[in-house]
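First the structure, then my questions, so here it is.
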Amino acid sequence: GTAGTSTGAGSGGGDKSPVKVGLVYSKTGPLAAYGKQYLEGFKAGLAYATKGTGAVDGHPVEVAEQDDAGDPAKAVSAAKDLIGKNYKILAGSTASGVALQVGPIAAQNKVLFISGPAAADKVTGLNKYTFRSGRQSYQDTRAAASFIGDAKGKKVTVLAQDNAFGQANVAAVKDVLGGEGATVDAVLAPPSATDLTPFATQAKDAKPDLLYVAWAGDTASALWTSLNQQDVFSATKVVTGLDVAASYPLFGPAAEKIDFLNHYFGGAAGTEAEKAMTDAVAKAGSKPDLFTPDGFTAAQMVVHALEANQGSDADTDALVKALEGWSFDGVKGKLTVRAEDHALLQPMFQVKLTGSGADAEPTAVRTLPADQVAPPVAKTAG
Amino acid sequence: MSTPAPVLRLDGLGWSVRGVPIVQDVSLDVAEGEFVAFIGPNGAGKTSLFNLVSGIYPATHGTLHLDGADITALPVPARARRGLGRTFQTSSLWPGLTVAEHVRLAAQAAAGPAASYRIWRRAGHYRQQVEQTLERTGLADRADHLAGSLSHGGKRKLELAVLLVGEPRLILLDEPMAGVSAEEVPALVELIRSVHQEQGRTVLMVEHHMDVLLGLADRLAVMHHGTLLALDTPDAVMADATVQGAYLGEAL
Amino acid sequence: MTAHLKRWWPLALLLVLFAAPYSALPVPGLLDGPLGSPGSLQLIALCLLYGGLATGYDLLLGRTGLLSFGHALYFATGLYATDLAMLEFGLGFVPAALFGVACTVALALLLGSVSLRVTGIGFSMVTLAFAQAGSILVQRNPGGLTGGEEGRSAPAEHLPDALIGIQNTANLYWIALAYLVVTLAVVHWTVSSPTGRIWAGIRENERRVEVLGLRPYGFKLVAFTVSGALAGAGGVVYLLLTGGATPQAAGSDATLALLVMVVLGGSGTRWGPLLGGVLYTWAAHRLGDLANSDSIAQLPAVLRVPLSQPLFLLGTLFVAVVYLLPGGLAKLPARLRGGRAAKTAVPVTAVPEGAA
Amino acid sequence: MNTVVLLACTGLGLGALYFLVASGLSLIFGLMDVLNFAHGALLSIGAYAAWWAATDGGMGFWLAVPFGTLVGTAASVLLELALIRPLYARPRDQILATVGVGLALPALLMGIWGSDARPFPQPAALAGTVDLLGATVPVNRFVLMAAALVVLVLLRLFLARTRYGLIVRAGVEDRAMVTALGIDVRKAFTLVFAIGGAAASLGGALAGLYFGSVNPSQGTGLLIFAFVVVVMGGMGSVTGAAVASVGVGLVQQFANYYTAAGLGDLSVVVLLAVLLLVKPRGLTGRLA
Amino acid sequence: MTEPLLQVRELRVVIDGLHILHGVDLDVAATGVTALLGRNGAGKTTTVKAVMGLVPRTGAVTFDGADIAGLPTHLVVRRGIGYAPEDRGIFAGLSVAENLRLAERDGDPAYDLVHELFPELKQRHRQPAGTLSGGQQQMVAIARTLLNGNRLIIADEPTKGLAPKIVTEVADVLARAAETVPVLLVEQNLALVRRVAGHCAVLADGRTAHQGDARALLADEDAARRLLGVGSHRPDTHGGTPR
């Protein structure tokens, strides 16, 4: 079903036929918090890109929201529903599983699909009609690599869960740092393991120059506690990705000892678009967070594609063409949609937390330029 | 009595639980078409002996032969397939099935496992067998009732019906009259008699009511403390003073 | 006349369902968009699929009395095996589907023969444990085969063109409908077969079946395998409907959902599981809309917070059904009519004598 | 050597956590024939209540744990009174009702506090580690073990020594007959639920220590292993559950570490299957 | 008859929409044994279950002047009614001693009496009751009603499945118990009824068909045949006709 909300951001909305955009994302379920950020970002981005009119060339943009609750089957049904109702533009996908299932559906039906926070590398180059508005795991890995400086002869250990996300991270690190002459090994814990103490000691015993922790899920807190208790921080440099603000306290007393790579946190970039986003989100009673830019960027991309076609979404191939190779000023800085595989090239951040527990505050240490963290070009399937 | 080869032969049969003997050294030959009744005080081991014969309990001592073949180690279903059928002291039925369904199920089972594995066929009605059996057991008017809703006497009859439709050659009946009202007893007795005398089935039966047994049994087996205390014609057993003292008392 | 109506309504309903894609009838409230629109067809197809799955599951639960907590494993096997046969062996869809169902049958035979060694709740737990193992295996992405938590989408190039694209949603819908009809036919046929009669006996009193000379084990294994095969075939249909295999299909929640469906509709009845499957699936999709609707967003927090959680609504609904509708929806008419039901209770398995 | 010690200690800690969930589950199943699918949710309630008390509630940890246990117990009693008791005559429906509650409660928690994990405040005394034979073992694992041991002893005393234990054991077999002896069996059942719920929610409150955080699906995640433990121990046997908990915790921890692919969960499943094939009635020989 | 101890009026029971009792009247005398008779399925068991509150019922049940029709079972029992059900109600998994211990209600259970009557039970006090023979289980069931100082004992076919000698003993037990406690006895064994019962009620098709003196009924051939289906000239247990 469609919980349709017309985003008549401005009263000056057009009087021509509306263009319909469908968002399929997690409104409920385990990723609901990410979904919320995405939606706030999208609304802010739409208002920003249409200069408050909510319309492109006089065609008002109508946004329909569909909840997938993190379940790909639900997402596919929702996507089919929207496509059946003549939606030519879909966006959203909070979870990678969703993005990888909706992408092919979009290609089969020749509609534009802009994936959201889903980080799987496979989304890049998935097909001609699939784009992404967030970062991908490879960019995380590259950002992590930036901490090691010259990799030659160094030893890097990846501590991750033994699932698709963890395995992909290990492969990426091997690819990036292994290629630069580092020895890379991995400590993989079963995803369902709840007691991580032994894996913390294993990581410590590996005595790496850099320990890259690629961890998602509910056991994060247990992991950081274990790493701290086993005194891993005194033995090696620990790098991990900085998640949403709500997760900062989970690092516990270790917070200040970790080097973070980061996709985005509120206030990281200092760009004009960021300011617009922060204002809009604040007006809605919220704060920008990790995935707010993904929504914002998606809206920018949608509006740009439409603008290039005089507000018409009739020709999907033209929409695709308009996006391929497009460079623009986004929240995080200069963003580029790479023409070959639709990767979104974007800067990343090195971040430190100060204070621990509820008081932890992030500060950006360095901004890594987009080309330094760019993923290799993926082969596009079709 | 001429002695053809026994249908059932128990040889030193025994069963103990954690070293405590419940049934001890029971040896007994039952001839084709014979009716042996078991009596004995409560707890003498009559039901346990039936459980050994039907295979519900595994014998810990001795052997058991049916038609000359050793069946001591066979499981329950295998013994049943060789024609050994029984009823239980406490009714054991399928509470959610109707009376007619009970009999139909039993009739189908009697046709052997192969008949029941035909998943591609429609289940047969066994109409004639079912009607006949219900008629014989006086359940015809309750054919559509659920077994769970029958009164005690009705359940006892249904037990018999389920048993009889399978036409077992050797029948074990464990107190079939218990709880049946006085009015119904003659009909049941008549039924058992016809199964035995007219159809020539071999019957073993436990029953506490002597007057019922006296008209039916060829031989009376008296059990006491798990052993076979006496085995003889009814008259001889009834005259036995030990039996009088241990079991009958001043009969009510 | 009414007797005729009673006999023929399933056929009439089937015709209506068959013709649904040609209709533009709006069904406000129930469906979002007209009946024949792709979104509606997709939702109805999922409903029918789950109706079939629940019916197949009830072969175990309601007909044989086996409470399995691992049915999702067989569903997921059909789903993944078919997908992987296309992706990894490059098989066409039809051979891949056959392969998928064959895998399911083999697995059901194997695991069934182990888990049926124990009875009662022990059986439930062993099936749960096997399914959990399967779910973990899928999540673990062994050899990059299953795609772990991301799943694998079905390769469009191996699927017939008539099954791809939104304009062909009707074909998928008909496949789901066909699956449902086949499942119903298989279940009803087997249940009224000689084997089905033994299943009923096992359900009511297993020990007593032994005394009749039959080993329950073999009959239970047949039920387990047939039911597993039906679930595997359901997995194939699911693959077509959702365009991919994802680990959600293998989780223990998926079995619980089946259980909920069967109970909702009425276990051991002819139409109950179907009804339950349809309703549950519909509710699971539409409750999300309700939970996200504006009218709920405006409620005070005490009401808004619980009502905006679809799972909360579902769980509560389920409890209410269990509590207020013992025997499920299928028993509702009888309960409303009240009385007499017990005395004239129609045999659950076979048609009464003379009806044929 | 120190790895083995570490694995053994953490495995025992995990086993203790399983036991806290499984003991109540086993008790409720064994005595009331109710397979309580809401048991994981009770654990979550205990965990969230303790978390709330320790953060927003401003209580110290040592007050928060009993508070969480109390709330969980109350929820458990409520569950019994409102849902289980009216369904005494319909055992299968009781199971189903708990399935519904097991779905609804975590969703409710998620609705109120969000799906993200919330850090659980660790008291300084328990945040540290102990050096044991060269291994650095977190202190809180020992707290879990101690709690499990106390629960085990108390439960055994309850069952063997009290009249309520006797009533409950009889009530499972034939509820109507117990009342026909002049006993109000409902009270006894509520008591069993209260005890089971107390053990689970204590487990929940302590799980906060173990995981360092609380999240809505924690309880449900532990539930499946608790089920495995209950079956392996022999349904309804508390002692059996204790032995099985230890076994499962250790096997899982060692297998996770030493097998290449981290096969801890799978080895537990295999263990269960093998055990049931060899001993269909579980370790203690109680009817499965 | 003096004021009855237990008075049942217009008792009706409906189970699953099925009318089982359509109006049973029953008076249990304050002394001696009152027999409840009737054919299989007449509703005897249902009547006593209804009195005990084990099935939903309507109608009036007065015990010792107090209305107990609305009371839950355990409170009915606590008024002083001991009940031995038809299927014995043994807890199979509990030992004999535990079965008896459960039945203890007041401070001073009469174990002496029980062990004197059924020495068997003393020997077997640790055996799981489920493994007792049918007759031994029946002993446990009766013993449980004798343990407390009950003011009425209700026994539903207590001699079913007992060996003749034990039947005689149980009859003695009942007769002895009835000297101090009134007994409501459901029984098929008319010889036993004749021996112990004073008053009796006969049920047919869920209704009271007759109430009156037991011996008088059994002596009246016509009435006995009409109500019980057996002629009174054969006072034996059962009508089996040896040929």
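Points worth noting:
Labels A, B, C, D and E are assigned to the chains in the order they are written; within every chain, residues are numbered from 1.
As a convention for this text, a contact is a pair of C-beta atoms (placed from the backbone, for glycine too) under 8 Å apart; a residue touches a chain by one contact, two chains touch by 3 or more.
Keep in mind that this is a model prediction, so the values were computed, not measured.
When chain centres are set by their Cα atoms, the one at the greatest distance from subunit E is A. Chain centres were defined as the mean of their Cα atoms; on that basis the chain farthest from subunit B turns out to be A. Separation between the centroids of subunit A and subunit B, computed from CA atoms only, is 76 Å. Centres computed as Cα averages put subunit B at a distance of 44 Å from subunit C. Inter-chain spacing, taken between the CA centroids of subunit A and subunit D, is 38 Å. Within subunit A, the positions touching two or more other chains are listed as 162, 190, 192. Shown for subunit B are the residues that touch two or more other chains, namely 149. Residues of subunit E in contact with at least two other chains: 18.
On the subunit C side of its complex with subunit A, the touching residues are 32-33, 37-40, 42-43, 46, 136, 139-141, 144, 147-151, 153-154, 156, 164-166, 169, 238, 241-244, 246-249, 285-286, 288-289, 291-294, 308-311.
Interface of subunit A with subunit C (complex): residues 1-3, 27-28, 65, 67, 69, 71-74, 76-78, 80-85, 96-97, 100-101, 103-105, 107-109, 120, 122, 162-165, 167, 190-192.
Across the complex, subunit B is touched by residues 189-190, 192-198, 200-201, 203-205, 207-215, 218-219, 222, 226, 342-345, 347-350, 352-353, 356 of subunit C. Subunit D makes touch with subunit C in their complex at residues 29, 35, 37, 83, 86-87, 90, 93, 96-97, 99-108, 110-112, 224, 227-228, 230-231, 235, 261, 265-266, 268-270, 272-273, 276-277, 280-282, 287-288.
Residues of subunit B that touch subunit C in their complex: 54, 75-81, 85-86, 92-98, 100-101, 104-106, 108-110, 112-113, 115-125, 127, 144-146, 149, 162, 166.
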